[in-house]
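My questions all concern the structure below.
Chain naming follows the written order as A, B, C, D and E, and within any one chain the residues start at number 1.
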């Protein structure tokens, strides 16, 4: 009830309707993916040609594609984890540490958003070669940390700034050293921002392929695979099958988590 | 470290292409993939170090100029002689002393694929892609060695060695074409879909697209323009810093086996560089794939997309024109 | 004071925008003392507490604890706890978690923690809200949680920034008793900001009156009340009639003054002024008495208005040439007949302490 | 209670320094090693002559001179800014109500909606682009729907391969990048602020315009930033759904490194565009200052 | 009241967690009235204001304005402005922008706006902070901005939730005068929450005493003070000695009571209790007088402790069998000799109003 409300007003119902519409907009193109993954045609176009499970069969047989997916998930989670960690620490030091090094780091950390991916890719390839590591999934993780970092820093900094200073002061006053203030007060208070940062960094990594291209050794990521397959129309339906599987899996996982959470909640309420 | 590092087009890593190598060296090769050999070149230039790579003929000079390659001794290539002479004698792969910079392996044609129902009796010429009638319903390939090369041919200049004035002529030709196009693209998945739906009536494609669309019953024709189709070929190069040279030779040899070439023709519809492979494929299969039984004859009528001396300038100019300059 | 627990040595605080928060403060606070900061809004009370707690680095001067310079020390290293003016409760913790936090930091075992939290909640009368979310508390309830949270840690020094302002008079009195008990029981040193002067006067050992970032007077409650050092203090503490009075001569070691007809006699001290010379003299409203009939020492006055103050009536009356005076008088039989316009006679109680104020 | 000693002063300083050091470490490594290297490389390259060497040979200002002298680069940059601006505006404006709903109305459904909003983006970007192609194509969903309703008689070519397609595809792709930062910012707003505004007589829209929006401005700007900057540099979406008239500056930069094999010029172009965007951002930042970063 | 401006009809508020905020409140507020809500922390004062302002939808009952049901009306459609307990200043606006906001909404021309803002700031004594950021203000300064913001709109009804709690006594008194001026000048109706009883007693037309979500008594200040309806009110308003007294007979239409030796005589009203029956009688501390010598009406007492309250001394003394009483006595010559342990004699003033309280 915003603006104070005697009744859960008209406005909120319109807003709810809008949100539904918006979600429909988000799903409009995405819902076509499962649809065409069952279509018996290489062309992803209407009219539908008939039902087939062929694409799922070739997906099951396509080890390269599955490996690419696993790699992408690995890279995405690691890169998002590190980018979030860096985003959180950098913003913390910027907002609460108040020293010039921290401020400089925070400013630099937001720069990669300006640097074209191809340059980041080339630069890091040169760097990992200099370091004697060579291209690998690890190098891709590094690249994707750069790609995700600006977003995490921007979000976390805004959030930390919004926390009333006196709350952190109260904790220090009670005897909490900065590390504890950070762990027990600032971080819990910023949880939505941390989760959002992680999610966006993950999505950035999961879709990125130019940096990944330069830094890939013999293992590739999903976008690399899909991008390089554009010349082969025959692989599109298989990729759609994979996309559908990802969607289904995330729905199942999230559903299970929600179910568990609700159980836990109602159990807690009974107590 | 014992494994051959092979840098290749995505989809060219299939084990069927190098069975004998895998028999001799199980798990002896490691692939890295690219989707575009310009990017591949950039990655190698930036320090990526495979043993063997798989660029196309027109890029060999560029790789070479950057000092990335070492010559391949044809004496160590068992099936060298079964490669069609046209490929063996390509001028820009010769390193002298019986050595070459690249061992050609696959090839194909590039031309206009058009809807026979929507484009009535066109003149057999690349000029179709400049026909204002079809404005907004045509697409062309976004690569220097395709569209600008055709533009050069139509402008009457030598595509492979251009004076600045020639370049300007090509640019003019390209500028003329830009407003007529729906897209510059290498995304054949989309081009085929658009041709099938009728959104596009004509597009520059590779021969595999023609085969695929015909199989689906789409009324299309792969044109044989009077100026000649474009023929591309790609092959294996040995990197200067290759650490597994012996493995590399084994690998290239296994890829030149008859079986490998046959599989390439049948699976992808592109040509193999060896005559033995062609001999092993039934005639009607070749017909279906619009491949001649004796490519050497056909290849005399096409334009080979070899290295262009002004490739980089042309590329820069092409980018600017695409952007509206 | 021989050995103050805490000493502020010419502490200055200038904020980023150039606003002077504190202007060279010198202050000694003794171990176990109950010190109160009084002063108008914006005079620097909160800033003083923040400097002591360590949240605000002074832009000048030093803070000494037990004689050692603790200016660079972080808040968590100071044995000081604060009740914040805006409470600063942790929004993601419930009431008991908020209070428990400091104990948890001190590694108190869980069972003890629970006991202490329960005791603290009981003390502030909030046992029934032990697991309420702090966002669902009323203003006064939040303030009590803030108080409990600071007290439960039993610090050497408690800084309280208007800790009882949102509490009703009764709860407030109860809390005052509890604070006093902590002071004597644990020897805790208190520095409190309050706007309730009765509270300040009744609970404090000493009171610091601040004004515009400076200290005006430090004294015991009675001294402050009876002998304010400056005009500012006189007018700030309690209600004070500041009367311009002419010197009318010495008699029996008393200086006689006349303020528009009102007779004042003040024990002679220092040099007497010249005859007819003017002085500002403070007279408390409760020291002005009303008489129905004229007497030798009375002066006539006219009631301007009357306000009910509970135990007393506050009367504004005019004497002489339009001098307004304020009188507090108990509500007794005769006073209930008064109303605006009534003519009365007033005089100053014989034993009243009336300070002669510096200009 | 704890007795203060000089050793306490020291240990306090030391542990604080240790903590700060630990907190600076990951960010410091990433920024000083990785980012500065990439940044230094691109700036260095920008001043080099294109030659046989990996990093060029000899120094020149020629690359920048070319960038500045050829109006095409400015045109394309401005076009990119325009398209990216459109994308950003569309994304932020359409995402705002969703973030608002999440922050103030979603209640127990908040997690579910957050999940629903991010789920589509777990499919690969390229897949989603293809899905958009299916929607916008000649025989696509949109054309079919319009024909079914009789609004048009024959399929329109005006959807795919146009700048509009780029805007729609990108606005879709960046939805979570706008929703989440705005949601995070709104989530910190005390409810009493909207109450105070309503109390003073502000209708919901005015409350939104004068209180909620300014309060969430840091989030809006953050969202705008993480949508705007990457879209300017994007070259994939224009290539796949944009057609010739939506070429963006990202494609030009990209091509210098691959097709044209002129790294120094690509770097100079990149640096110039970075400076242009940085100037834009600084302008926006000064706006942010006006709205006040609350601390 | 014939025609109340605002009427709450059995308004109930139950919060989500099951907490009862208001339990069937009936309240009429007259046009132009100054009504004060008093009550212990958490009793539902803020909730009442929130229901009137429209932030909280009552879970039962209706709110009528001018006889019209406004329960479903949104806050912005109610001619009511609020000073929030936690101020709720807009952090992204500076001081003058905060105050100007309501005027801007009412489409007042800029020049007038500026004038009104300046006047409001002047009234709360903050002219020098006109363009300060609200985050840089002290607590009292914030509160004054909140007050100015609500007042500047000149609403028909002002709801004030402890609007002066963070101000020093002097500023507070000044603000009270200003509020009173608004009431008489503009005819604004005030509903105020305060914990300062002197303020409540002196400023209000009527006072509502709340307890646990219910109204205990609505009455004028004097009535409330002198004739509290319930034990709760008696103990809540001011300080009151609640003495258990035995009935000792009627005499001259006065009921005589004896409370552990203390004699009380109360005008007879209603049925007299049986002889020796017990009643609770409230006696104000200022109505108990001290005499140095024993008299016919006095009873001996022993001083337990003495607290300095400024104008008075608060003495806790014990009479009879350990009954503790509280006495407020002016600081005069004789009282200054008192100290804990002194034996004194006390009696109740003849004309004191001592209510007999319902159990």
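Couple of notes before you dig in:
The definition used in the following text is that contacts are C-beta pairs under 8 Å (C-beta built on N, C-alpha and C of every residue); 3 or more make two chains touch, one makes a residue touch a chain.
Keep in mind that this is a model prediction, so the values were computed, not measured.
Separation of chain A from chain C in touch steps, taking the shortest path, is 1. Hopping across touching chains, the smallest step count from chain A to chain B is 1. Counting C-beta pairs in contact, the chain pair with the largest number is A-D. With each centre defined as the average position of its C-alpha atoms, the distance from chain A to chain E rounds to 56 Å. Centre-to-centre, using mean CA coordinates, chain A is 14 Å away from chain D. The set of chain B residues that touch two or more partner chains comprises 39, 42, 46-47, 187, 189-190, 193, 197. Residue numbers of chain A whose C-beta contacts span two or more other chains: 3-4, 44-45, 118, 122, 126, 177-178, 227, 230, 236.
Counting partner chains per residue, chain C shows two or more touched chains at residues 74, 76, 86. For chain B in complex with chain A, the residues that touch the partner chain are 5, 9-11, 13, 30-35, 39, 42-43, 46-49, 186-190, 192-193, 196-197, 209, 212, 216.
Chain E meets chain D in the complex at residues 53-55, 74-76, 80-82, 84, 86, 88-93, 101-102, 105-106, 133, 135, 149-150, 153.
Across the complex, chain A meets chain B through its residues 41-45, 64, 118, 121-122, 125-126, 129, 134-135, 213-214, 216-218, 220, 224-225, 227-236.
By the touch criterion stated above, chain E contacts chain C in their complex at residues 15, 17, 19, 38-42, 45-46, 85-86, 132, 136-141, 143-144, 161-162, 165-172, 195-198, 201-202, 221-222, 225, 235-238, 284-286, 307-312, 314, 328, 330, 332-333, 349, 351.
Remark: chain D residues 52, 54, 70, 72, 75-76, 79, 130, 133, 137-139, 155, 157, 160-161, 239-240, 243-245, 247, 251-252, 255-262, 265 touch chain B in the complex.
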